[in-house]
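What follows is a pair of complexes built around chain A, which joins chain B in one and chain C in the other.
And now, the complex of A and B:
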């Protein structure tokens, strides 16, 4: 989100928060969120993909709502209104090509209406087929999860993204020489997919509350958290949406405070640090150890202020419309061990992974009584952190980053067990010194991990490590 | 407790008032040389040449604040030792060193091997700046006086001379007050109210209007960290378009018919007398092309008639005024030019360096 989009979001949220009540608030938020899905989508070299990708996001939302809702739920007034809002806005945006000389909300001209019409027909047939033939069976739910994971894998894998781009370019009779893995920049899909998987999984486990389509769709593509999270839980979000909300002076001030802090973090601190933060070019250009550490520290703080700044802005804007999005960061660089760090960094993602991977995985692996407990811990930590790494991208460097943290968490777990009976002290000075030492050690472990995260190639990471340690 | 709660309307009004006040008060800071506040030479190394650049990857940027430019230069952080013979090199992009690393420039090559003059070791400082105008050079020369030069070497070319080009450099156009001061100080034959000089109204001096200038100053400091860390201050592309040798069959030079009346000789004269130290004027080397229409033009910049007339006039003037003058127009062979008729390769710079070193030693034995 750029400053213009943030400013427009704030104004729209203020208006909705101040004027609308009850169901109208939900409908208004759905309208804004659907508009944002199209507006926030960046331009893509593939023709009309800045229309098709948001349309696919919305199609997936409708499809999964149909799958997870009760039979015939779509006939209710609320759901029909929700369906009309989504399809109506998409249709209007497509038809705008015949009305305005410049594209409306999109970076490029939307596709011809006939193409859009065929898309709607195909989408409707798929939704009807899936819902009528096998409504809410375990198979449909599992298939949907696999479908979302498959799309995620394609988007996150540079090779598969490139091949997909080549496929679509070939289909459109366009030259493939310019094809790039970056052609498929699908705004917010990582977050959309994780929210949808959470809904599907909760449905499988029988703990998903019934949501109307407007509530469901607003939750998945809620405009403040569309591009950078946080990943809320559906039932908590819906509760906020169903509660009566009046935008008071206090709420506005608190929201404003969050937005201003977020803007300062992102556009002043993070954007300034971005100039000197470690990147591929600096990895080869910097020759001194001291400067390499400075660039690494700059990256560590840049990524924190950038991400937490966006989260603060999202939390602030959401607050204006009565939605209390969860916090994503809790001073992570002040934590004295790696477990605490991961409990305070991108908290909503780690909670999601804990709920839907780590805990089930641990329960499963404990079934194997022959495996020693330390091995179980190692496998559990490594698998979890590798998954978090892969969520950021299927590349060697993200795998190394995940492995770095997985091993770190394992070593810290073993050390804690070892030390808790041997190194206890009542001396407050010693405790403080150990606390400070722990913070510094944890920060530097995390910062060194960013070497993998910031760079594109393991060989560059190795070069940086060598320079950092004067080798 | 309820009374202590902030009221939204009051907060907004106060914020707007405070911002309005700050924005207005900023007008009164117009004459404060904020550019002198610099992290260069304190936190990190000063630059070997003035900041100039348009791309983020060059870890450099162009700005119009001469104080900031000097403050970021290594010259501002170097104390002159008793053994130092301080030489300032002034000129255009050929002195600044387009496509050359700092070590490959004229200043870099002069400093590479210790040369003596007046029993001291020569230390050359690159004060070149990549736009072509005598007035721009004079402005830099005038500002450089405070850094105790022992000698000035002013490399120039005909393109810097036309009267109507004097204020075309953005650095000149955006320093109207300095230029007006120069016009008065050196009694230049120029209009201090020339519309090419950008004068800021009070409205344009507010913080909102000047936010770009403030941002540039901050970015200059941030880029300083990258300069200090990498030693990079421009992009060195592997491939670039070489200087044109097949030329248009045109003998036009800025629409000028008579070179003698069209050159800003008064500015040159002012520059030659600006410093109370020896000033060596150099007609810098240029590409003499051997391609299409080279019977009409020497290169992209100059038709033969105009350049010949300029050289003749400069030679006569230097002789009449008894100036230290070197005419090196044809010193460098065509193969030693890079992307422009005045940009040299490192080997071309070496040829020039030898000549300049000799001239310095001749000036001060």
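And now, the complex of A and C:
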């Protein structure tokens, strides 16, 4: 989100928070969120893809609502209004090509009506087929999860993204020499997919509350958290939507405070640090150990202020409309061990991974009695952190970053077990010294891990490590 | 089912009406396509530019964009108008300049020396070359 989009989001949220009540608030938020899905999508070199990708996001939302809701739920007034809002806005945006000389909300011209209409017909046929089938059978839910994961894998893998771009370019008779893995920048899909998988898993486990289409769609594509999270839980989000909300002066001040802090973190601190933060060019050009540490520290703080700044802005804007999004960061660089760091860094992602991967995986692996417990811990930590690494991108460097943290968590776990019976002290000065030592050690471990995260190649990362340690 | 079909019918009808009305009012579309192309060029927008040109002209367009990478570029009093046709191409001529600034030194590229060839593909007017 750029400054213009943030400013427009604040104004729209203020208006909705101040004027609308009850169901009207939900409908207004749905309208804003659907508009944001199109507006926030950046331009893509493939013609009309900045229309098709948001449209596919909304189609997935509708389809998954259909298969997770009760039979016939779509016939209710609220759900028909929700369906009309989503289809109506997509249609108006497509029609804008015939009315305005410049595209409305999109970076490029939307597709011709006939293409859009075929898309709508295909979507409708699939939905009608689903209404005839038994929709909540295990295979439909499992297939949807696999479909979302498959799309995520394609988008996160540079090789598969490139091949997909080549495929679409060939289909459109465009030169394939210009194809790039960056051609498929599907805004917010990582977050949309994780929210939808959470819904599908909770449906499989029988703990998903019934949501109307407007509630469901607003939750998945909620405009403040569309591009950078946090990943809320559907039942918590829906409760906020259903609660009566009046925008008070106190609430506005709290929201404003969060937005101002977020803007300062992102656009002042993070953007300033970006000039000296570690990157591929600096990794090759800088040879001094001291400067390399400065670039690494700059990167560590830049990524924190950038991400937590966006989160603060999202939390502030959401607060204006009565939605209390969860915190994503709790002073992570002040934690004295790696477990605490991961409990305070990108908290909503780690909670998601814990709920839907780490805990089920641990339960499964504990079934194998012959595996020693330290091996189970190692496998569990490593697999979880590798998954978090792969969520950021399917590259060697993200795998190395995940492995770095997985091994770090394992070592810290073993050390804690070993130390708790041997190194206990009541001396407060010693406790403080150990606390400070723990903070410094944890921060430097995390900062060194950013070497893999910030750079594109393992070889470059190795060179930076050598320079950092004067080798 | 009936309600769903009703929504679809309304969407279809609205589309048909707007398509018909919109098509009639877009006589300056080829000239507008060139202006949009020039704007994307000086903005060095590598994502938008390929969507505004024919596939045969995509490499040339990106090469032209590359030539502005080291400078600050802007449009100065640019206006385009259709000047004729050439087979399946519509010809567009522009007045005004692209101003390329480097180190506070301006260099003007006169656009009136070029004629842009514009073609309609899948309903969109695309820049397909110059002469």
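Basically, the second predicted complex is superposed on the first by the 468 of 471 C-alpha atoms of A that agree within 3 Å, B and C clash if a C-alpha of one lies under 4 Å from a C-alpha of the other, contacts with A are read in each partner's own complex, and residues count from 1 in each chain.
Here is the rule we go by: contacts are C-beta pairs under 8 Å (C-beta built on N, C-alpha and C of every residue); 3 or more make two chains touch, one makes a residue touch a chain.
Keep in mind the model is a prediction, meaning the values are calculated, not measured.
Of the two partner chains placed around the shared chain by superposition, chain B is the only one that A:250 touches, whereas chain C remains out of contact. Of the two partner chains placed by superposition, only chain B is touched by A:295; chain C is not. With both structures placed on the common chain, the touch criterion links A:369 to neither chain B nor chain C.
In the superposed pair of complexes, A:42 makes contact with chain C only, with no contact to chain B. When both complexes are overlaid on chain A, the residue A:175 reaches chain C alone and has no touch with chain B. In the superposed three-chain model, the partner touching more residues of chain A is C, compared with the other of chain B and chain C.
After overlaying the two complexes on the shared chain, residue contacts for A:420 are found with neither chain B nor chain C. Looking at the shared chain after the overlay, A:276 reaches chain B, while chain C stays out of its contact range.
Contact with chain C, but none with chain B, is seen for A:117 once the two complexes are overlaid on the shared chain. Using the contact criterion defined above for the overlaid structures, shared-chain residue A:429 touches neither chain B nor chain C, since it reaches no partner. Under the contact criterion defined above, no residue of chain A touches both chain B in one complex and chain C in the other. For chain B in complex with chain A, the touching residues are 5-8, 11, 56-57, 218-219, 222-223, 225-226, 228-232. The residues of chain A lying in touch with chain C in their complex are 42-48, 74-75, 80, 83-84, 87-88, 91, 94-95, 97-99, 101-102, 107-109, 112-113, 116-117, 120, 124, 128, 172-175, 177-178. Remark: chain C residues 1, 3-4, 7-8, 11-12, 14-15, 18-19, 21-23, 26, 29, 32, 36, 45-52, 55, 58-59, 62, 122-124 touch chain A in the complex. Put simply, chain A touches chain B in their complex at residues 249-250, 252-253, 256, 272, 275-276, 281-282, 285-288, 291, 294-295.
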